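Structures follow.
Okay, so chain A shows up in both of these, paired with chain B first and chain C after.
And now, the complex of A and B:
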C-alpha cells in the first residue's frame, strides 16, 4: 500500500511530461516543415518572378533593385505581326504539328502491335524505343546534322521535324502501348465475330477506346517539339528559327526583355500541361519503373 | 498465326526503322568516327587530342554532374520522405503540387530564368540587399559552376522526386505501421525501412538525370562563364567553329563512358543489395 502510494503520482507526471513533449515536438516539426516549404516555394518562384519582371521592364540597371521604368513596350514589339517572335512562333507551331502527325502515324500501329503479348520479341522492341532516352543525345544530333548536310536536309523543316519525331517517338510509342493495352479485347473479338473486318474493328471499336491516351501522347509530343533546343540548334540553325533558338539568340545578345517574353510563351503551356496531367498522374503509377 | 506475326512486325517496322536510321546509325557513326582515321584504321589520336585540349572541362563536367546528383538525391529524399511520412496533410498536398511545378518547364526557359535570377543584379541578390543582409557592393554573380548546378537541380528535382515519392507511396504500409508501433522514429523508418526498398528507383532517377544533364547544351552556354565549361559546350564549339567531328565525337565517347560509369555503379550497388537479401 505504502509503496503503491509513493509510486502512483510518478507515472501520471511522466505521462503529462511526455504529452507536453510530444505536443511540443509535433508543433516544432509542423513549424520546421512550414519553414522548409516556404523556402522551397521562394526558390521555385524566385526565378519565375524575375522572368515576369523582365517582361515588363523597360530599363533596369545595376544597382536598382527593381526596374526604373516599367511598361509594355516590348510586348508590342513582340506581338507585332512582322516581328521575329511571331515568325518563329508560327515556325515552332508548324514544326510541332508536323512532328505530332509523324509520331501519330508511326506510333499508333506500333503501339497497337506491341500491346499484344503475342508480339514476338516484345521486350526488344520496347527497349529499342527507349534507347534515345538512355544515351546523351547531343553527340547523336551532331552526327545527324553531318549526315543531313550531305543529303541537303540541314536547315530544312523536314530535317527538324525528323529530329523532333525521333525524340518524341519513345513517349508516343510507350503511351500508345499503355493506351491500347487498357482496351477491352472482348469488344474487339465480339466485333470480329459479328462479321466486322479487322480495319473496321480497329477504327470503330479499338481506336475510340484508346483515344484519351493517344491524345495525351499527342499533347506531350507537341510540347517536347515546341521546347526542343539542342537538335534544332545543330540541324535547323541558322535557317530555321524556332522559339527556343530565338530565345537563345536574344538572351546571348543581352536582349533580356525579348528573351523573357519568349520564355514566358514557352513556360505557360508547360505549366498548364503539368496542372492538367497532375490529376491523372498518380506517383504510384510510376513506381513500377526501375523494378 | 505466322501471318498474324508478320502483320504485327509490319506495324512496328516504320517506328523501328526511324529509330534505327535517325538514332542508332548516327550513334554508331559517332563511336566509329571517334576511334578511326580518314582511311578507316583504328587510332587513339582523337581521344588523346580531346584529353589534351579538354581534360579540365572533362573533370569540370564530372564534378558538376556528381555534385548535382548528390544534391538531387538529398533533396528528393527529403521531399518525398516529408510527403509520405508527414502527419500534416495540408502541408503535404501543398508540397506535392509545388515540387512538380518545373516538371515540363524546358531547360532553355530555366536557363533564361536563372541567367537573370542569379546574376549580380538579379532578384536573389536584390532580395538579400533589400532585407539588409548584404550591401549592393557585396553581391556576387552566381553564374558559373554554382549556377549550372542550381539550374540542373531546380529543373531535375521534380522528375527525381516524382519517381521517388511514387516508389515510397507504393511500399507496404503495414511494414511502416509495424515499425511505428514498435517505437521506431520517423527518421529511423526512413533510413532503415523505406530507403533500402526504394534504392532501385532512386538509382534509375539519378542515372536518367545524369544522361539529361550531359546532353543539355543550353544551360552551360547560357549560365557558364567561359572556361572551364561543360563537355556539351565544347562539342558544339568543336563542330561549329572547326568542323572537327573526330574530336567532338571523341568527347562524345567520353560522355557515354561517364554515363555508363554511373550506370555501372548503380547496377553493381543494386546487385550487391540483391545478393545481401537473397
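And now, the complex of A and C:
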C-alpha cells in the first residue's frame, strides 16, 4: 500500500510538477533562444552598427565608447559633386555596366552552345571559365597587370573592364548554361516546325525563355564588378578609382567616415539586386547549374 | 494540302537504326494512324518527316516536292506535339499567329486568320489569355490551331491525346476527327491506343520494330490482322500454339481431353489468336457439339473481373490461360467449356524454329494475365 502510494503520487501533484517543469522548460528555451539570437545579431550586425555609427561620427577618439561629436558633415562631403566619391561612383557604375555588356556578349552565345549536349569538349569549355578562379587571385591579377603594362592597357577603363569580365564570366557563363539548359527543347522545335529559321527562333523563343536566368547572371556580374578590388587595384590604380579603391584609400588614411559611407553606398545596389535575383532565379534553373 | 509520299525511309539516332525501310503514302485529305507499342519508331517517323531526325536513306515527298533533306522550317509539315510545346511567354493569339508572323503576313490578315482558327477550335474568347492559364484540353486546341494556321501541306499529331484525362480525351478525339473531315487536311496521327486509331483514322499502319507490319482500313486491321503481332496488338490477346502434341491429343476423342474440337483450318505448327469477346463460355461441360467449325476446350475458372457490361473470366485450360467474356460472375474452379467460332480465329503458321520462342510469348502473356 505504502509503496504503491510512493510510486503513484496524487494526480494533482503530478500535474503541478509537470506544469512547473513545462513552464521552466519553455522559459529556459525562451531565454536561451533570446541569448542565441542576440549573439547571432551581434555577430551579424555588430560590425554594421559600428559602420553606421562611423557614418554619423564627426570626432571619435579611442577610449570613448561613442563618438564625442555627431553630425552629417561627411555625408555632405561625400555627396558634394566635386568629391572623389561621386566621381568614383560613376566610374564604378560605368565599368560595371560595360562589364555586364561584355559578359552578355560572350555568355549568351556560349551558354546556348554549351547547353546543347552535342557540343564537343563541352566539359572542357565549361571548366575553362573556372580556371581564373582556380588560382589565387593575386597571382592571376599581378600577371594580367604585367601583360597589360606591355600593351598599354594598364590604367585604362578597357583594362579594368577586361579584368572584371574574366572574373564575371565564370558566373555569367555557368548561369547562362543553366538558364538555356532549363528551356524546353520542344519549344524550339515547335518554332522551327512553323517555319522560323534558327536565328529567328533563338531571339523569339529561346532567349525569352532563358531571360530570367540571363538577367540574374547580369546582376551577379554587375555586383561582382561593383565590389571588385584586387584586379582593379593592380590594373587600374592609380588612374582609375572605383568605389572599393576609394574605400581602401580612405581606410588606409584613417578616414573611417568616408570609408563607412562608401561602404553603405555599395550596400544599396547589392540589396536591391539580391531581392531581384530572388525573383528571377527559379529552382528548376538552379538545379541545372553545372549540368 | 497534298499527298505525302514516304519511300523506303531509314532513320535513326547515331548508330541505332530505328526506322527500317518504311514506305507509306498518305493521300490528299486522308488521316492515317501510326499505331504501335512504345519504342516501335512511330514518333521517330514523325520527327523524320518534320526534319528533326536525320534520314539515312529513302525519300520523303510532299506532292512532287522532295523534302528529304530540307531543314525543318522549309518543309511545311506542322506538328501537334505530345507536350503541346506552346510558348508560355505568349498569349493564345500570339501562339496561333506565330507561323504567319514568321512569314511576314500583314498584321490585319494574321488577326483575321487567328480569329477564324480560334472560332474553329472553339476558343474564340480566349485570344488574349496566357497559355499557362488554360486547361489541358484548351492547350491541345491551341496547339492544333497553331499548327493549322499556316495551312500546312501535312499535319502530324504526336500522341495528341495522351496528356488528357479520359473524358476530355473522348471529346477531343471526336473534335479532331470532325475538324479533319471539315477542313480536309492530310494528316498522320501517332498513337499507342488501338481504339483511338480505329475511331479517328481512315487507314491504320501498325508499326513494330521500325517496320510497317500491316497497313489497311480500320476494319481490315481489326478483323483480319495479317501477322500475329497485329492480331495481338489489336486486342486478340488469347494465343494458343497448336503443337503436333495438341493435334494428336484431339484425335483421341477422349472425353477428359483438354481440347474437344478444332476447326478444319487449324493444323499442327500453327498458332491461333482470338478475342475474349468471341469466346462462348458454357458451364455445362457435358453438353457440346463436336463439330469442325469451332475450337472448343475445357478448363476451370481462375478468376473473374467485372468490366461493366460483362465479366472477364480467366479460364485455366491446361497450361493456357484463356480470357472469356461472360454475362455473369463465376466462382473459382467452376468447370467450363469454351468455344470459339472458326471465323473469329486468326491462324498463323509458325516456323518450327520459332516454336520455343512462341512458347515464351505464351509464358509471358500468362504471367501478365495472372497479375
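Everything below uses one rule, namely that the second predicted complex is superposed on the first by the 235 of 291 C-alpha atoms of A that agree within 3 Å, B and C clash if a C-alpha of one lies under 4 Å from a C-alpha of the other, contacts with A are read in each partner's own complex, and residues count from 1 in each chain.
The criterion applied here is as follows: a contact is a pair of C-beta atoms (placed from the backbone, for glycine too) under 8 Å apart; a residue touches a chain by one contact, two chains touch by 3 or more.
Given the structure is predicted, the values throughout are model-derived calculations rather than measurements.
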item: Clash-or-fit label for the pair chain B, chain C on chain A; value: fit
item: Contacts of A:162 with chain B and chain C, given as first, second, both or neither; value: first
item: Touched partner set for A:51, first chain B, second chain C, both or neither; value: first
item: Partner chain in contact with A:112 - chain B first, chain C second, else both or neither; value: first
item: Contacts of A:179 with chain B and chain C, given as first, second, both or neither; value: neither
item: Which superposed partner A:104 touches (first chain B, second chain C, both, neither); value: neither
item: Chain A: partner with more touched residues, chain B or chain C; value: B
item: Touching partner for A:125 - first (chain B), second (chain C), both, neither; value: first
item: Which superposed partner A:194 touches (first chain B, second chain C, both, neither); value: second
item: Least Cα gap, in Å, left between chain B and chain C after the two complexes are fitted on chain A; value: 9
item: Chain C - residues contacting chain A, complex; value: 50-52, 71-74, 76-79, 81, 83, 85-89, 98-99, 102-103, 146-147, 149-150
item: Footprint of chain A on chain B - complex, ascending; value: 4-5, 7-9, 11-12, 14-16, 18-19, 22-27, 29-30, 33, 78-79, 82, 86-88, 91, 94-95, 97-117, 120-124, 126-127, 129-130, 136, 154, 162-163, 165-167, 169-170, 200-201, 203-205, 208, 211, 214-218, 221-222, 232, 235-236, 239, 245, 248-249, 252-253, 255-256, 259
item: List of chain A residues in touch with chain C within their complex; value: 184, 186-187, 189-197, 200, 204-205, 208-209
item: Contacting residues of chain A [partner chain B, same complex]; value: 26, 30, 33-34, 36-37, 40-41, 43-44, 46-51, 53-54, 60-66, 105-107, 109-110, 112-114, 116, 118-120, 125, 128-129, 131-147, 162-163, 165-166, 169, 173, 223, 227, 229-230, 233-234, 244, 247-248, 251-252, 256, 259-260, 263, 266-267, 270-271, 273-274, 278, 281-287, 289-291
